[in-house]
Each structure stands twice: as C-alpha cells, then as structure tokens.
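Note that the chains are named A, B, C and D in the order they appear, and that numbering of residues resets to 1 at the start of each chain.
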Amino acid sequence: MSSTTYPSVRAAAAPKVRSAHAEASRSGIWVGICTITMSFMAFLSALYVRQGASADWTHIVLPRILYLNTLALLLSSATLEMSRRALAPVSGSEVDSVAVRKGFAWLSGTLALGLLFVAGQYEAWRQLAAQGLYLATNANSSFYYVLTAMHGLHLLAGIAALLFVMSRLLLVGNRFRHSTFEATTIYWHFMGVLWLFLLLVLRTKL
Amino acid sequence: MRIKHVYLAGVAILAAATLTSAVPGGGTVSGKITYEGTPAKQKPIDMSKEPSCAKQYTTPPTTETVVTGANNALENVVVYISAGAPDDAAPSQAAVFTQKGCRYIPHVLAFQVNQPLQVVNDDQTSHNIHPLAKVNREWNKSQPPGTPPIVDKYDKPEFIPVKCNVHPWMHGTFAVLKNSHYAISANDGGFALPNLPPGKYTISAYHESYGDQSQEVTITGSETKTINFVFKAKPY
Amino acid sequence: MQEASAQPAHVHAPPEGFIRKHVFSLDHKVIGKQYYALGLLAVCMGMGLSWLMRFHLVWPTTRIPGLELLSKVGAPGGVITPEYYLSLLTMHGTLMVFFVLTNAPFAAFGNYFLPIQIGAEDMAFPRFNMMSFWTTLVAFLVLVLAFVIPDGPPISGWTSYAPLSAVGQDAGPGMGWGMNLWGISIAIFCIGSLLGALNFIATTLDLRAKGMTLMRMPICTWAWFITSCIALLAFAVLLPACILLILDRTAGTSFFIPSGLVVSDRLQPHSGGSPLLWQHLFWFFGHPEVYIAILPSMGIVSHILINSMRKPLLSSKVIIYCMMSIGFLSWMVWGHHMFVSGMNPFSSLLFSFPTLTITIPATIMTLIWLGSLYGANLRINAASLFALGFISMFVSGGVSGFFLAQPSIDIVLHATYFVVGHFHMVMGVASIFGVFAGTYFWYGKMTGRMMNEKLGQLHFWLTFIGTYCIFMPFHYLGLVGNIRRYSSFVNDFMGPLMPLHKFITIAALSTGAAQFIFLFNLIYSHFKGKPASENPWEGTTLEWSIPSPPPWNNFGGKHPVIYHDPYQYGVKGSKGDYIMQDSPEPSAS
Amino acid sequence: MEIAARVGLGERLDAMGKLFAIVLVIIALASAYPIAKHMYVPPEDISTHGHAIDDQLSDTMAEAGFAFLGAQIILAFFVWKFSERKEGAKLKNFPGGAKLMVSVAFIIVGAEVFALGVLGQKAWANVYFTPPRPDALQIQAQAGQFAFYFRYPGADGKFGAIHPDKIDEGNQNFFGLDPANDIEARDDIVSGELTIPVNREVHLLMHAKDVGHSFYVRELRIQQDFVPGLDLSVHFTATKIGRYEIVCTQLCGLGHYNMKAYLSVMAQDDFEKWLKQKASEQ
C-alpha cells in the first residue's frame, strides 16, 4: 500500500472540540492501561518470588526472532502515528477523502505489522518447543510462555480495535470517531512500551 | 443332570465361555505359603487421635503389611489363577469390606470383576475410603457413622491399595480377579483352590509387600496337586 | 460541558422491546437492578449453605431430609460428610465475598445511583457496563456449576491456599473439576469487576454535570469512586494469580507447588514452586477486597445518616479523606493474614504497624458519625435504623481487629473463631447493613413504590439482635481456641463449648428466617407498596430531583446545573429545612 | 412527622429511637459480661514465653473493651437524646467539631497503636527473634494429611535423610526413611505423639509432607504453619508436666477437623524411659 501515490495535502487542523464522552474514553483508556500494568506487575513479582523460592531457576536463550518482532511492533507504532496525523483533520462526516484514504493506508500498514508481530511471537514459541522447552518444562519457560501469551492476548485486543476503527472509516457515511481512534492509538503505543519492558525482563531474568 | 453339567462345563472351558467353570469334584490345587529371611517388623499403631477406636484394644494393634504365622507361614497372600481359566460371571452376592476399630476387615478382600462391593462403617467415627485404583476408576468418599453402605463394582482386574484419608494407619487391599478360583492364605499359610476342571493353569500368588509369583500346574482329573510358594522377606 | 451532540449516540434513542429494555439493557439503572438481583440470589444461597453448616456442627449425625438429593456422595442418607462440609464452606465464602459483598453495595447501588448523583445520563461506556454484568453472571453460573458436577465443589476454602488447591484430584474430593471451575469462575469475575471499575472511574471523572465539582459529589459517590480505584488494582492482581493457579492444576507448571510432595500416596510431578507466593498474591488482593466490601456501605450509611439527621456531618471532607487513606493503607497490610505462615518474622512487624494505623482513620470516621448525631433531629425509620446499626456493627467488628493486628496475639487467635467473628461483623454484617439501609432508603426511587416501613423495622430488630447473638459468641469461642473450618468437633476442648455452639446455631437459623420478612417486603412492596413521590425523604442530592422511578435517560434530556455542596440540611429552604443541590436559591453557607 | 406518614407509617415513632438506645446498651453490656467475668479464656499457659502474650492479650482486651463500651453507649445516648425531636427543634453542632474528633483519634488511638504496636512487639520477639539454645532438644515434626508424626534422632543424634518416594504409611514409614541403605535412619525414633521433657527447650524442625498444615498447642501459646518446601522451625520450653492437644489450624483437606496429636510433657527420667521403650518398637 503505497501512500506516496497521493499528493501530500496539508489540511487545516481540525477544531479541537472535546466532548465529555471523548474525555471519558481518554481517561478510560488510561485507567485501562493502569490496570493492565498492575496485572503485569503481579506476574513479574510472581516471577521474582518464584526465582527466589528455589534453586531450580535455569536460563533460557531467547529466540532471535523476538528482536525482529520488536522491530515490527515499533514500526507499527510509527505507521499508526502517521495515520493519526493523516486523520487529524478528518471530520466526522467526510467520506473517502484523500486524508481518509491516506489514514486508512497507514492503518492497514499498522495492522499488517501487528499481525506480523503476533505471527513472529508464535514462531518464537515453535522454536522454543523445538528445543524441548514447553510451558511446564521449567519455571523459566513457564514464565516465558505466560508473559508472552498475556501480552499477545492484549495485543490481539488492540488489533480488534484497529479493525473496528478501519471499518468505521470505510462505512458509508463514515461513523469515524476521533475519541475511539485516539484511545486505540494510546493503547497500541502502550502495547509497544509494555513489550519493550517485557523483553528487557525476559532477557535479564530468564 | 451332573453329567450334563460336566459336559456343559467342558464346553464352557473349551469355548472359554463366561459360564462358571467350577466343577464339583474336579481337581484341587492346594499348598502353603511361607517366607524366608526376616520380615519387616510390624509396628504398633497409635490410635490415640481416635479414642472411639483406641478404646477397643487392650494392647495397640500392629500394622498388617506382613502377617506371619507359626514356622514362617505367610498370611494374607492372594492365590489365584492368572491364566488358563476362563473368565467367570460375577456372583451376585456382595463382597463386604468392613471398617471396625479403625481397621479394615478383612485386610485383603478378594472379589471378582463386576461383583458388587459393599463398604460398611461399623465405627462411631467418620471414615474415608480411598481405593488408589490405576486401571479402574479411582474414587474417594467419606462415610459418616450410621450412613448406608457404599456400593460399587470394578470392571477390570487389579490389585488396588485402599487407604483411609482420615486415619493414615488404615491400609488394605482389594484383589479384583477375573475368575472364581482364588483363595487367601490363612494364618498357617495354607490355601486350596478346589473344583478345577482339567486343564493347564498358571497359579499366581500376590502379596502386598512382596509382589507376585506364579507356577504352572496341569489338572487331569479329580486329583489334588500341591504347590508351595516361598517369598523372600526383607527386614526393611 | 456536555451539549447533546457530545453525548454518545446510543443514549439518544430509548431502547425498544423487552429484551433490550430489561435483559440486555445498556441502561445503568437496569444493570444496577440486575446486579442487585444477582446479589440477592447469591446471598440466599450463601445463607442456605451457612444454615447447613451450622446445623451439621451441632447435630453432626442428624440426617437432613432431602439433602441427599443435593449431593448423593456429599450427603449420603442426608448426613453431611467432612468433605462436603468443606465444600459448603468454600462455596459460602466465595459466594458471599465475591457475589454479595462486592456486587450489592458497590456494583448494584453504584451502577444505579452514581451516574444520577453526578448528573449524568448514563455510564461512560454503557456497552462495557452491560458486558461487566453479564460476565459476572457467567462467573456466577460457572461457580454454582460445581454443585452439579459429580466431582462436587472444591474443599479448599475461599482462600484456596496452594498446594492444596493446586495439586488436583489427589488433594481430595472436589479438588478436580470442582476446583478448576472455582478458578475459572473467579478469573471471569475479575474481568467483569475490572470493566465495572474502569467504567465507574471514567464516569466520575468526565461525566459530571456542570458545577458538580469533585468536592460537591455526595459521600456515597465518593465511596464508589474510591472503591473502584481499589478494585481496579486488586482484581488486576487476583486475575494473574488465578491464571497461574489454573496452569499449575491443568498444564503441569510449578508456580505454587514445591518438589517432593506426596499426596494420597502419590509423589507429585512438580518442583520448585512456592506456596507462599499464592498467599502473597491472594492477600494482596484479599485485604483491599475487605475495603471494597465495606467502603461503599460507609458511603451509603453516611448519605442516609445525614438525610435522617437533617444536618450535615461535622465534616464530609474528613470522611472522604479517611476513606482515601484507608484505601491507600489497604495496600500495605496484606501480610497480617500471614503472621504465622512462615513469613520472615521481621516482615510481620512491618505489616503489623500499618494495620494498626488503619485504626486511626476508622476511629476518626466513627467519632465523626457519633459527634454528628449530637444535636441532630434524627428521623427514625428502617433506613436510618440500619445505618445506626451499621455504626454499632462497625465498632464491634473493628475493635476485634485490634487484636488480630498484633502478631503476638495472632499466635493465639489465628485461625480461630475469633477471626471468623471479626470479619463477619466488620466486613459481612456491617456492609450488609449498609445494603439494607440503602434498600429501604432508595427502594422508592428505584421502583416507584415505598417499602413497608413496619415490616422494615421488624426486620431490623430481628436482624440487629440476631446478628449480635450469632457473631459475638464467635469471639468467645475463639478466645478459648476453637479452630475454624472444622466440620465436626472431635477435640478435647470442645465439650464445654457445645452449648454456645447450639446457641449460635439457633440464633443463625432464626436470624436467617427473619430475612424472609425482607424478601417478602421486597416483593410485596413492588406491587402493593405506597407510590413513592419524587423526594420522599426530603433529600438534597440529584437522585431526589427526578421522578421515581427515573426516566430512561435520568434527567429527561435536561442537564442539571449544580449550585451547592451536597448536603444543605437544617437551612431555610423554599421546600423546607433543606436546599436541593441543583436549586439556584442561595445556600446557608 | 408528615415524613413518617408519607412513607406509610401510621403512628409517631420517637419510641423507636429510645428503644434502639435501650437495646444497644443491653447488647453492649451482655457482650462484655462474659469477657469481664473471664468465662471464656485461653487454657492455662505452660510455656516460658506465653505470659508476655497473655499480658498483651489482656491489655488489648482492656483497651478494646473500653473503646467498644464507650462507642456503643455514646451512640445509644445520642440516639436517645436526639431522635425524633419535635419539629423545628434547634440543631446544634458538637463543640469542637471535626477538628476535635481528628485530634482525639490521633492522640488516643495513636498512643494505643504505639503502646501495643511498638512496645508490645516484644511478646512476638520472645517467640521469633531469639535463636534456640544450642543444647535444645531437636525433634522433627512432619505434618501430612491428616496426622502429625515426630522423629527423634536416636543414639547417633542424626536424622536419616527423607526420601519422599519411600514414604509408605501402610508400613508406618511416614517420613520416607531408607534404613536399608541409610544407617543414620536406622536408629531414628518415630512417634505419633510429641513427648518432651519438662523445663528443657525443644527445637521443633517442621516438615510438610503434602499440603499446608499448622502446629498449634493452645497451652504452649505456639502456632506455626507447615509450609511445603520451606524448612521452618519453632522453639519452646514447656514448664508443666501433662498431656496437651496438638491441632492443625491450616485447612488441609477433608480430614482437617480430625488432624490432631498429643504433646506429653514428662519429667526427664520418664522421658528417657519412654525413648528407650519407643526405640525397642522401631
């Protein structure tokens, strides 16, 4: 999807009218992020306690592909940012404008990269399994699978949100809502940050 | 009439039908079970946590994993036909396993596949029956005093250790057997398998601590064959 | 500010058809009632279970006719087996803590009144709201499913300590699929509660009417808000714990199961896990959960008390700050459940101190409630009686907490009936009193008909006296050393205590029976109760400015503007001794 | 009273406020009575550290009782005095208002928290912060579903190693000892009853066989969980000869209610006799 085929139109910034509902969805997503962070903190404290609990703590080598996945996820954040810029001027009602097409293209890119990440994570699992490291093999592998699976689930929710926004963009009469899109963006970026943090933990602790 | 029965029985054996293959006046395998070496010392059971049981004994009862009799006789050994005899239809009367004085009576209960099993609680305390079956379905039930007997049956042959989760010293054995030819050695170690129709049999003896042994025997008519089993006893 | 265009589209068209109106409704009021109904169902079950337990404890061998129909294995011939007693105990605790104490005062009343009290047309995310209820309902169904599966309900108590809860079937009857269902149910419940809490917070932050500053919110709104903040973090910890537990049970991992365990003569194929890890995770949720249960009732009771006293509290702000500090402290005290569980003894001291410190805000609140009564013109009715009863219960349950907060005394009282008496009074009965008060107070608003006052007061007297008769003796039993969670008392020290146990059982059965008055009142008044006016209690907050029951979008499309602090009582107002929050007339202050 | 009329209540209700006050006072006094009369108290303490705990308990009881009665009676009094006054009765505010309440709470409760929370911790320290004396008698306690077993090191003073796979309850091998290959295990003395000499410190090494359990002897003022995979220990000195009950206080499964053993405290020479007799049974 080459977004360059379109002439870059510098559109006037849309008037910033923030409705109560938009505010709510924004604080909603931040609250959601708090609780997700909290639950991952719980997992991690479990990891620390479990490591201290007994001497069976070993070491597993992270599959290389994880770094590619990370790259894909970071790129997806970038493309999402591009689409946010593209869609900033789009008003609730406009259909099939250049800006909409452009934003949609960037969104599709984000979606593709997101799916790529998920696929990559799955591949990483298969590589570990090939080494004979399964969920129950040892504490380290258990935590690896649990943490990546949890992050993966949350990311799939993000992908669902992306699809929702894209469908809203395509719908006739464009029911696109900036608040929803913004919430999705924040969530997606958070998924990226969370993954970087998890990667750090996996690398240092496992 | 009798001729007919024998005839039928013969057919039954040949066709390995599930009719009862016991023949009155058939051959008999009998013998004595003994041990050599020093068996593990049986320790007195401390039932003080269950006064209603403890007060039934003047001297504390001992464990029953190895019960011996005069001149090295070995009790509680299940002697059965592991090969050569056809499977029998299960008798309808139930094999009864009684909990009395926080012990299992009998300590070893032998019965047939699909024969009804009845577990009775004669104590004033609540018991728990947990047969640790592997091939059969495992269950784990409690039986408060004065409640109806637990009725169950097993559909595969197996030697099943039985324990009471509430009273750790209570241990017994279910011997679930394929046919009706079995005996449990008495305190003098003696046993007898009567009414065996002619044929070649594998006689096995099972002890909960010392495991399985078997010997071949061939019955031609109404003779009595003597077979003895000797188990190696270990002090620990 | 929220002009109509700012409102989410779905709030505009009133729902059509029975299903959309009453079943899969997006209306926070319907959802609130649904939560209430679920709580009611759960509390009836929980109470029934406690009846069976109390009966079994004092008449262990007496057969209970028809009980064998409930479970043939668990109650052969109608006599409860030890493991079935533990099943009842586990289900009682789980139902009460999760589906009653978390649902009724928080989710039910909160859903119904939080948006109204801040002048919003609905919750911020009505679809989430609906989802959170239906998720909770699924959790409930999964839990009670344990009653009908052959395996039976789990026997490891509502705290499900590992490794008993983690090793599976070998641990005993009910620890197979029964336990799995428990874990799954609680995990689902967490998700539902998280959605709900998120909704509460976003709504409170962003959908307040014009002029409704945070400090102008009624105390109960504050209580629900603070509670949602606690719930948001607490359930976010319980959920991972449940996931790890389920993995240990089903996937063979070893998070909570150490090496070399021999259960039912079988060497368990696990290694290296930490049983204390479960306790830490569980109580890190578990103690805040206590405040999730009690804070909303504190708010409701303050709200009702002010209305009945016809004068504001000495200081609502202080009450709110106290609730905040309790909420905050609740994160540092989980370890006081584990004084004798093999934690480092130094950490016991560290946990003991903040626990004792919680007494300070609790005492301040009590003193403010008491002090505010001075010089009031207290209107006595079922609602205010239950509110006063709450204070009494809160004090009684609170002082016993002072014992358990000290590790040294906990050596003697841990796991005795003293603990049971303590948390039943302060967390169970007290918060249920809050629910009763709220019900008598708001029933008219919720249904359009008032509850029968005479029956209400009769219900109060029986319940108030009854609960003291049940739970005070628990403390005495504990002092002597009566251990909790015993299905029958075969211990040497039990003999002299049996009369007290009989007394408790009789009190429990009769107090339970008294609750049928409430149930009857609830149903009877729905059809035959006196029609409720818009503002029967002469209240000042927004819920009294709209018809009873409120229209589907609460304010009929109007957007209230707030001029006053919530509680303008004892002033010269146009309607009487009070001024509504949304009335432009000058306030006293 | 029109309010009462509106909610469907015929007659005046001021009686109810008074009734509440009376009932509350009765309840408060009735609740305090059994405590004041010491009708329900822990059994006599037979340990060297227990008295500190008992003092702590009675101090707390005094303060808690005071707070309890005080609060309930004040509540009753105010409800009596200020419920259902005649319409337009003058509303008053408590002199001092919220500030007073806050400062009172901080001072009184703060002092209490300090007194009990900080100074009172020595009772806890007595149990947990003092190491066992080197000459303390070492006994290993094992908790399993649903019984306690106790192991004495025997003549060699060493405990044989534990092999979980060797555990065989039917054969009374509760600890999973391997006497065939492990000499240290041969002379270990295993008993279902915890027998200890009087006035000698005992160092109890705690081992859980299957799930969590707890060791509680009321008279000893000792309660400690068995945590699987965690080697904990407690130490205590019994000062009174007698037979006391050991109970499990950590829910451990269907037999929890029946999981108990006995602690018998003997004179030194009786204890040695007992050991000999036990050794002969092994």
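Following the convention adopted for this analysis, a residue touches a chain if its C-beta (ideal position, glycine included) is under 8 Å from a C-beta of that chain, and two chains touch if they have at least 3 such contacts.
Values in this document were obtained by computation on a predicted structure and should not be read as measured data.
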By raw count of C-beta pairs in contact, what's the busiest chain pair here?
C-D
What whole-number Å value describes the gap between the mean CA coordinates of chain A and chain B?
65
Rounded to a whole Å, what is the gap between the Cα centroids of chain A and chain C?
36
Between chain B and chain C, what is the separation of their C-alpha centroids in Å?
56
Just the number, please: Cα centre separation of chain C and chain D in whole Å.
27
Which chain B residues reach two or more other chains?
125-126, 128, 142, 161, 163, 165-166
Junction residues of chain C - those touching two or more other chains:
81-83, 172-173, 258-259, 264-265, 272-274, 276, 488, 490
Touching two or more other chains in chain A are residues 53-54
Just spell out which pairs of chains touch, all of them.
A-C, B-C, B-D, C-D
Spell out the part of chain B that touches chain C in their complex, as residue ranges.
125-126, 128, 130, 132, 138, 140-148, 150, 161, 163, 165-166
Okay, in this complex, where on chain D does chain B touch?
144-147, 169-172, 174, 178-180, 191-193, 253-255, 258-262, 281-282
Quick check on the complex: what are the chain C residues that touch chain A?
1-2, 5-8, 124-125, 194, 197-199, 201-203, 205-207, 232-233, 235-237, 239-241, 243-244, 247, 251-255, 258-259, 271-274, 276-277, 280-281, 284
Complex contact set, residues of chain B against chain D
40-41, 43-46, 48-50, 63, 65, 125-126, 128, 142, 161, 163, 165-166, 168-169, 171, 208-209, 234-236
Contact set on chain C toward chain D in their complex:
81-83, 86, 155-157, 161-164, 167, 171-173, 257-265, 267, 272-276, 309-311, 314-315, 318, 340-342, 345, 348-349, 352-353, 356-357, 359-360, 363-364, 366-368, 370-381, 385, 388, 391-392, 395-396, 399-400, 402-403, 405-409, 411-412, 414-416, 444, 450, 452-454, 457, 461, 464-465, 468, 472, 476-477, 479-481, 483, 485-493, 529-530, 533, 536-538, 570
